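There are structures below to look over.
Look at the two complexes coming up: chain A is in both, with chain B in one and chain C in the other.
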Partner chain A sequence: MMLKPYFAFAKKSFLKRSAYRFNHLMSIFNTCLQIFIFWGIYKALYGDRTEVDGITMSMVTTNFILSMGLSAVFYVDDYFLPSKIWDGSIANELLRPVSFKGKMIAENLGNAAFNFVFQFVPALLICVWTIGMKPPASPQMFVLFLVSAILGYGVLWSISFAVQMTAFWLVNIWSLTTIKTVFINVLSGSMIPLWFMPEWMRGVLQFTPFSSIYFTPVQIYLGQLSLQEICFQYLVQILWIIVIYFVGNLLWIKGQKKLVVQGG
Partner chain B sequence: MKCDTFYLIGMYTKTIMKSWFQYKIDAVLRSLAVFLREATGIIVIYFTLLKFDTLNGWNLYEMLFLFSFLFVTYGILILFFTGLRDFGDTVRNGNFDRFILRPRGLLFQIIFINADWFAAIGHGCLGIALFIISAGKVGVEWNVISIFYAIVTIVGGVFIQGAIFLFLATLNIYLLETDSLKEIFYWNMRKFAGYPISIFHKGIQMIMIYIVPFAFVNYFPVQFLLRKADMAQYPSLFMYMTPLVGAGMYLLAYGFWRLSLKYYKSSGN
Partner chain C sequence: MENLIEVKNVSKTFKVNKRANGIPGMVANLLVPKFEQKQAVKDISFSIKEGEMVGFVGPNGAGKSTTIKMLSGILYPDSGEIKVNGYVPYKQRKDYVGSIGVVFGQKSQLQWDLPVIDSFELLKAIYRVPEKVYQRNLERFTDMLNMGGFINQPVRQLSLGQRMRADIAAALLHSPRIVFFDEPTIGVDVVGKEKIREFIRELNRKDKVTMLFTTHDMQDIEKTCNRLIIIDKGSKVYDGTLFGIREKYGTTRQLDVEFKDNCEIEPIKNVEIKQIDELDGRKKRFIFENKDVQINELMNELLAKYNVRDLNISEPEIESIIRKIYSGKDVVL
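What follows is the complex of A and B.
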């Protein structure tokens, strides 16, 4: 497979983002603010206690900084396909000699790279400087954390991919993507550290893909998992990517046959 | 006031309803999505307090009560102020010029020509649900005074947020792009407003009281009804000031609006 055109797509979307400087300053500000709000809440919740259930305040802070920081990096354009169905440009896209899904991944990755350099890194520095966070458990764990974070992005991307495919049948998928985002926000651990979820809820969450998006990488970063557990979690993440992508791909194949473009 | 004003309001509302509910299933889904999106913060606080019991002395029901004021006021607000919330687009695409040419008050048209019913239903239902769930359990003695107080402060809270929208909308006359300002001064400050402001940094408290006074929309009114311990650090006068702050801010914003209209130049087309 020729990768060159996909690099070009990724580069293009990276450069496109650099044009809107004020917007991305705002995004850094928003990410930090979100972290500060939850940090403030947990500081009040902890009060004088140094730990709750063996979880220290600095672990909670690290969880918020990493998971909200990663959610700023993990860019997925939920309207990549829907917007092309609305304006009819999907017809041209399908005629191109490059894979549509490949282009979709490439453009999202270009954005994610931009977010990593210009949002995650500045937000991380601001947060480390103001509220502080734990260093990784060990250099080895840090590398394993990176691998798991990339897999986490894969899970998030495939969820969005599958949801977008419903655009072949639904005219307006705003409601669906919004509901999807709610599920991810509540259940992935970025707003409630999953350590503090009730036992039954953690049981339910084991059977959903949400905790493998941010919480698995965070746990690895903090050194909470043994090597064996890490391997198992990697498998879980990969399994989710495959299953969800497969469902999305099924819809993609069916949708193309059903596609009706209303004029151009 | 011209005699057909109410007829006009009726017609506008009817048209809005018709267009919003053109696709019925979509309308239901959209309202549900807004409802769930706004409930995110509440689901989060629910699970958090299952574990921690109280946040700075506030228990779950008291927190829900605090949230309910925020959502009820927004649900009412958005029926009237959608036009001001989205005023930037109206100016940019030149529709505002059309408003100017019509023989009716500008603010009248902006207010009644658009209403975000999904947001109103989503936020409003959530607010009412929270209020019903929590009102009986937070130990408020519901009598004539407390009910009157609740109604007056809700109206005041609507006007405070309406004034912020009106002020930001007016800025569109000078600057073409104010969405970022709205993001900073309205939406971001609102994120703090669901929690007792006493848990945050002093600087943020100052902003919430004196600059973007969300504290008067829900925190101080709820304090009047609940009298939590953390009220001790603020003057007790604050608990009575919501209607005053609302009226004052709205008058100021309205004055700014009237003054600025003289300087309006079309964005061109």
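What follows is the complex of A and C.
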């Protein structure tokens, strides 16, 4: 069983998350709070109107619940490698007869699974009960939405992977990670639904990986894309995953030769 | 017997950012960073046979840990060849590391938030240890290292000594043929150290595990290893038996004599004393070269001429010999 160790990693990070119960409860609260805040802002902006540029308030609400909910599930530890380089524990990691990247994926997925069950689902229920959201356009669209959400996670993961690999040279990459997070928050549609972006901006964003993280799944959920467009968007997502992962992997191979274990 | 570990002309250099003190130094460093090449390991060669237990000592910054990290496949050497158990560690890392165990005294490999036993279970999965072997090892290690009392506690609540024992057990659960210990007794009290040494000895004797062992505590070496490699400033300065080092470097002896009354010591015929120190009271310390002085002549002379209350001969301890090698000075006890 080649995958056994990776299941163990995933299980371990799942269990680890339940070690601090208060923190876990607060993060459900945190997810809801974020959604409520953005919902409140847009509610105020909409005022008495039911739609702006053809976008209804309930579409906006759905966008926030889905994209912020997904971002709670889409767990990527941006400091997985950097923290290990920074404190020298990378040495222990490299002693294991397993793939480091495989371990990274497994631990992230373990966390994502925890987040899905204990954070996304409760937060979703709370939000649906309080502010309500649109149902999926059709059962078929819902399935297609799930696929594209998983691909979206792939894009997000590979961006983080590539950024993390720079830690071999830079050690402290807090600033890079922060810039990355800001880009994702603003340009992926999770804070500002991309419908409201100016036309030229949406044109530019087409050529970046950000919109395929959250916005593509949301559009599919709402039934805004035709089957043909969905297939095209899938391709775009897959292409981004391949390209960004390739760059990250190059850094990973080079970086290992550069590695300096901190702290003796 | 075959050489299990083969190290040939290995060197490793790190690039270190060098900056001046304080704010001006920081600003200068931001604008024009200066780097310096620091040679951690310089052309080191040695080989270790199966079943050997080798002590690897040297002052801080001598390159011990760097060597261990290259041996365990974590760091790439700049030049030279390393072969362990038929593998080139840094090239075949994933396949290779299953056959070795490494303990970094300063870096725990246990999960901070989880009970010790959970970390063990995880390692069992990672190394694909068969259930039977795992149970046998676990039972044996728990017993030998006295871990029964804390095996179900989260690691963050353990004392340093407990954590170290758990760490050692963790590195050995998959029954590796070769184990590298990097300061396994650091910060552990006397009783704990003794337990660890006993454990290591038994493992070597019964299971024929090959070991390389770095430490700053010479007692660790004296009580466990029969061979010693000393490195300093990245180069090997000694490689041989523990006994051999006494022969080679520990050539001075000392004789402490307590006299009944104050007296001046006159030069003794045919006996060349290097140094006489006044100790407190009426004690004097004679320091001399082993080869120059017949100890019985000296004692006879002293006993015949002076009123002697007490005599005490001692040989230098390994610790002070090592100190001498580090500092390049003569050994004074």
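To be clear about the criterion, the second predicted complex is superposed on the first by the 260 of 264 C-alpha atoms of A that agree within 3 Å, B and C clash if a C-alpha of one lies under 4 Å from a C-alpha of the other, contacts with A are read in each partner's own complex, and residues count from 1 in each chain.
The working rule: a contact is a pair of C-beta atoms (placed from the backbone, for glycine too) under 8 Å apart; a residue touches a chain by one contact, two chains touch by 3 or more.
All values derive from a computational prediction rather than experimental measurement.
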Which of chain B and chain C A:5 touches, first, second, both or neither: second
Touched partner set for A:259, first chain B, second chain C, both or neither: second
Touching partner for A:174 - first (chain B), second (chain C), both, neither: first
Partner chain in contact with A:45 - chain B first, chain C second, else both or neither: first
Which superposed partner A:89 touches (first chain B, second chain C, both, neither): second
First (chain B), second (chain C), both or neither touched by A:198: first
Contacts of A:33 with chain B and chain C, given as first, second, both or neither: first
In the complex, chain A residues that touch chain B: 22-23, 26, 29-30, 33-34, 36-37, 40-41, 43-45, 52, 171-172, 174-176, 178-179, 181-182, 185-186, 191-192, 196-198, 201
Of chain C, residues touching chain A in the complex: 14, 65, 69, 72-76, 93-98, 100, 102, 104, 106-109, 111, 113-114, 118, 121-122, 125-128, 154
Parts of chain A lying in touch with chain C, wherever the complex brings them together: 1, 4-5, 7-9, 12, 15-16, 19, 88-92, 94-99, 256-257, 259-261, 263-264
Residue numbers on chain B that touch chain A, as the complex places them: 23, 26, 29-30, 32-34, 36-37, 39-40, 43-44, 47-48, 50-52, 55-56, 180, 183-184, 188, 191-192, 195, 199-201, 204
